[in-house]
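Please see the structure below; I have some questions.
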Amino acid sequence: MAAPTAEATRRTAPRSAQRTRLWALLLALPTAWMMTFFVSSMVIVVLLSFGRTTNDGFPAFALRTDNYEALWNDVYLELFLRSLGYALATVAISLLIAYPVAYVIALHGGRYKNALIAAIVVPFFASYLIRMYAWKALLSDDGLVNSALRNLGLSDGITFLNTSYAVVGGLVYGFVVFMILPIYASLERLDTSLIEAGKDLYHGPVRTFFFVTVPATRAGLYGGILLVFLPALGDFVSAQLLGGAGTFMVGNLVQQQFMEGQNWPLGSALTVGMMTALTVLMVAYLRATSTQAREL
Amino acid sequence: MARRVERKPVVAVGVTIVFFAWLYLPILAVALFSLNDKKSLSSFSGFSLRWYDDLVHNEALLDSLVASLQVAAAATLGSLVLGTMLALGLERIRGRRGNLIGAVTLLPLVTPEIVTGVAALLLFTGIGLKLSLTTVVLAEITFSIAYVTVIVRGRLAGIALEVEEAARDLGCTPFQAVRLVILPMLLPALLGAGLLVFALVFDDFVLAFFTTGVDPQPLPVRVYSSIRFGVSPAINAIGTLMLLASALLIVAALVLPRLLGRGTSSLDLITGGRR
Amino acid sequence: MIPSAGLELPRPSRRGLLTGGLALGASLTLPGCAYIRDDASTDAPLPESAKAEIDGDLVYFNWADYLAPTVVKGFQEEYGVKVIESNYDSMEGMYAKLAAGNEYDIVFPIAKWVVKLKREGKIRAIDPAQLGNAEQVFYSGSYFNDPWYDEGSAASVPFTVYKTGIGWRTDKVSSMTGSWRDLWNDEARGHVFTLDDQDEALGMAALLLGYDVNTADSSELSDIKDLLISQKEYLRAYSSDDVNNMVGGDAWVHHMWSGDYLYLRNWLVDDPTMYDFEAPSEGCPINSDAYVIPTNARHPGTAMVFIDYLLRPENAIKNTKYLSYPFPVKDALPAFAELAKDAPACNVEISDLENENVFRLLGTDEVQRRAAVWTEVKAS
Amino acid sequence: MSSAPTTNPSVTLRGLTKRFGGTTVVDHLDLDIESGEFFSLLGPSGCGKTTTLRMIAGFSDPTEGTILVGGEDVTSTPPHKRDVNTVFQSYALFEHLDVRRNVGFGLRRKGVDRSSIDKRVAEMLELVELGDRAKDKPSRLSGGQRQRVALARALINQPKVLLLDEPLAALDLKLRRAMQAELKSIQREVGITFLFVTHDQDEALSMSDRVAIMCDGVVEQCGTPEDVYERPTSVFAAGFIGTSNLMNGLWSDGCVSVSPTVSIPAPGHQGSADGDPVSVTVRPEKIWLTEHTPGMFRLPGTIVETSYHGATTQYVVSVGPDLTLTVLEQNLPRMRAEDRWSPGDRVEAGWLPEHTVVLR
């Protein structure tokens, strides 16, 4: 039966090709798009990061490394670590908020489920800037929150605004919805008989929660963590509106270089440095989580 | 349908209640101060609709609103098409290469907005495109594709590969399988991604600032420009109206499918849908 | 690999993507880019002035909320044209958009940006003879006949003037000394704000140290940096939202623009005596904004008409009241004096204009040296 | 590898091979499945049975070999042009379509006119007893109902072969038993060839006309359920199906010596020379502990373990050092609890020599 074998192998080729052609076709347009509008603009940024600024304040291409040398600066390192800290704190707090909220809605929401999720999404549609600015008005020393505290005799005023807490709080407020939705989605899909089975196996809801529920929603957790971490790290609005004298973040620094500093090459180098660091983190994270997520 | 779990977790319910209060506190403040008769944002002196009156008579603001809606709608449509194509393509290129391309598609999410903005400005002027609402749409699509791809891929992973094979098995060409089965099944995720992108683009100011031409600018650009030096309550009025409009939109999304008698529910759109 | 291979599908390898992207990026952006270019001399002759006659809708580019809406509306009604408004949040942002080739009809730059735009040939001449109300600003003896930033007022018309000082809460702080040292006030520790503005912050420190507000001297900048870092323990935040920081009670002592103080005092608070403003004795930065018409404006005629319209005393008065900034329009000055009668420190005198404390256009090296110091101050 | 000679082959595989990278998942498979047959591919997970199925369906390209369906070479035909249909393990129902449209999907693709589609869908739904659920979305159906929709959706196209990929794996035991019977009766009714993939030996034995046991990409044994159960031809086949008492030993003079003291006669076996290592197996239910008949081979031993299984009782009998036999006894009407053996009881295990199967 060897004879048809070789022939068959030859004849199968076009079929596989036909199938991959469709996927390739699907990839072609978006890939071309991203190349034209994103990759090439990022190439400009990379090229610019080796550039210089002309006498009249224009960025110019060059082949210099001094922008990168300037990155090796304790101030920038501290700033990056601070931003990283804020972003991680944001992720942690968002998790602590998002999981119970998603859990309650997904498993105890009953017929109000959709309404509750809608109630979470609605504020998200009012401008981020306006909501952040509203926090500023609320949290100021004579703002509504402090007035209420004073009227209730609970305190004679707490300094909320212009602190690290306010910045992280703003970030959580801005991005927690990105954590709730994916967790909710994976809890929704969760087979509750799993939880019941877990209760027999692990005795007690707390252990069941950590040994059954949480692992079963890993995919949502990983997605949520990423969707909160990335924008939180690059954000500059929270620090600008709610931050204090010591809460400058990477986002603000980059903004500064492109604006007042009139130093686009340095801003580009900062961006490239930050994106490199983040890409390394992200690839490591994706690699670590994708193998686990696949086990689901 | 999930079975009900009997006992309510008290702590989690408590967290949820506090969360909702916290979520709506600034929203209520925005709504409240939009009704303030003084220009202050911290002391409330009396009710008045003067800021809404201002708003209605402020043509520039209304033009901005229209521009924002147009940009958001166009960018949503564009990024849905491209992002879905990308997600479908990537779904079939698994393994390391898929991971790498996947990571590259996430890059726009990592790039600081101002850099995306400046780079887009450089690119557009470099290739001789005149800045206009069109360039805003181009830039916003580029930025939003990643969100669509992430959401659609998440949903695709939930649709077993077997479904596509079943379609092929029942006589669909690869393209028909996508058109007749995969896309309809992705619909909830597409609606969710569309809603998300619409909200993000409608709210974006950095990218929009750098890529607008001389047409009416998108609304958030104006909001951001004024926020650095203090906000006028007219902005609060806009915020409140935006909120009400979106609430209506979402209520419609909740209620309409039920009215139309279609079994698939509605709001899992935002979450990418359930199985 | 051939550069175009990156575009060749079905199998976009990462290397292909990068190579293709690089080639594409380089080929697309190098020629004719408005920004990325080599040093070039840019002293262009001034394009000639337009006639003041309506030639289309007005494409207007300004800070947000920086003219009384009723005035803008009045213009639309009177001349039957539309005002298409865009806003910027910084001069750098404004400049970027202008350099990108956007065709605005009227822009409102700060003085030193007038210098830059004029030097680069980005704005056109404005002939006062075209303006019926020119006499209001260019009367004989007016400082603005030949301001420092625009020789002979060839390409600009003055818009507002203001100074930077210190606003404070009289109920919280009693020991103000009339010096920039008040931003280090012990009573207000933790409630001091400095403007989130490179020029203003460095300028304030420079004045306190007796240096030029525009200094770019390394050792002077180093002193400025140390001084500003020493301020951090008193500081609540860097912020340009001075009005709301004061109203919200967060700020007891605020590095502040004079117009914002007047606005706060006159329109926002119940008890104006709770707030005061001083122009520190070491001198204050004086700044002015101007109207200019970009060279590539599509409707310079309408822009000329608009400027003339804004110079009408009744409109200048409306704007003065709306913004609380003084407009150097002769017949509008009494209106400002009325606004500022309880806060004389907010007045900007001719003598103020003639002093040296104006923010000048600096060379790139100087700007970047200053920026580095400012970044370090904010980041530390 | 031998398979029964066929007169009217529905599926013919010749030298079918699939490699993923360096791993050979299916290794030169030759198989003939007769028309109208209920044929099972049985094997542990990873044995290549699903891959074989996917190659027949067209979802996976063979590395080598040919596939014939109804005598026609379909090796390079895309799935939508093959006259086979599949019932997937996950059912793979189209959630956005109601039951009716799911079932009618294939006919609509073929361009059958609407009224005949409606008619045939209704018939098919009757056949799978879902006539009243025609307008429901799949998400509202139970597991068993979804399964039947998947079946109906495939059967309605009247394929030459219906491929079933562990279709019952997701159902609970009771439902699975019921579905097995139903599946078998539907197959008889429609007369279509079923190629059934499963790892469940009971399922395979009870439903199939023929079973092929697969391991590591090759068919270990192919035959009727009785064949493969009673007369396993390989250690793997013997071990995979049912419980078997598998003992290793050496061939000597018509017997297998499995320990210094125990030598089991195997009269039917041929082809081994003295001293050859062989395995010997005997099914637990063939061993008697009482009522031995003449001619039985007997081994004295001690009960070491008993376990009661309702219909049967299982004993573990020690017949020598490191040598135990598992014995399955029916709990017949006359047996009372005290009639059963207890650990420690001395017994004699006996079986007919023809039940001794020797495997090389």
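For reference, chains read A, B, C and D in written order, and residue numbers begin at 1 within each chain.
Basically, a residue touches a chain if its C-beta (ideal position, glycine included) is under 8 Å from a C-beta of that chain, and two chains touch if they have at least 3 such contacts.
Here the structure is a predicted model, which is why all the values come from computation and not from measurement.
Taking each chain's centre as the mean of its CA atoms, C is the chain most distant from subunit D. Of the two chain pairs examined here, B-C and A-B, the one linked by more C-beta pairs in contact is A-B.
Rounded to whole angstrom, the centroid-to-centroid distance between subunit B and subunit C, based on C-alpha atoms, equals 34 Å.
Centroid to centroid, with C-alpha atoms defining each point, subunit A and subunit B lie 15 Å apart. Between subunit C and subunit D the centroid-to-centroid distance comes to 83 Å (mean Cα coordinates, whole Å).
Mean C-alpha positions place subunit B and subunit D at a centre distance of 52 Å.
Shown for subunit C are the residues that touch two or more other chains, namely 12, 17, 25, 28-30, 35-36, 90, 93, 241, 244, 247-249. Among the residues of subunit A, those in touch with two or more other chains are 18-20, 23-24, 27, 31, 40-42, 44, 48, 137, 140, 142-143, 240-241, 258.
Residues of subunit B in contact with at least two other chains: 41-43, 104, 118, 122-123, 126, 224, 227-228, 231, 275.
Within the complex formed with subunit B, the residues of subunit C that make contact are 12-14, 17, 25, 28-30, 32-36, 59, 63-65, 69, 72-73, 76, 82-90, 93, 96-97, 100-104, 240-244, 247-249, 260, 267-268, 270.
Contact residues on subunit B toward subunit D in their complex (touch as defined above): 160, 162-163, 165-173, 176, 181, 184-185, 187, 263-264, 275. Chain contact summary for the complex, subunit B toward subunit C: residues 38-43, 54, 57-60, 63-64, 97, 100-101, 104, 118, 121-128, 130-131, 209-210, 212-217, 221-222, 224-232.
On the side of subunit B, the complex with subunit A involves touching residues 2-5, 7-9, 11-13, 15-16, 19-20, 22-27, 29-30, 33, 41-43, 82-83, 85-86, 88-90, 92-93, 99, 102-116, 118-120, 122-123, 126, 138-139, 141-142, 145, 150, 154, 157-158, 174-175, 178, 195, 199, 202-203, 205, 219-220, 223-224, 227-228, 231, 235-236, 238-240, 242-243, 245-247, 249-251, 253-254, 265-268, 270-275. Per the touch definition, subunit C reaches subunit A in the complex via residues 6-7, 9-12, 17-18, 20-22, 24-26, 28-30, 35-40, 42, 90, 92-93, 116, 119-120, 190-191, 196-198, 232, 235-238, 241, 244-245, 247-250, 363-364, 367-368, 371-372, 374-376, 378-380.
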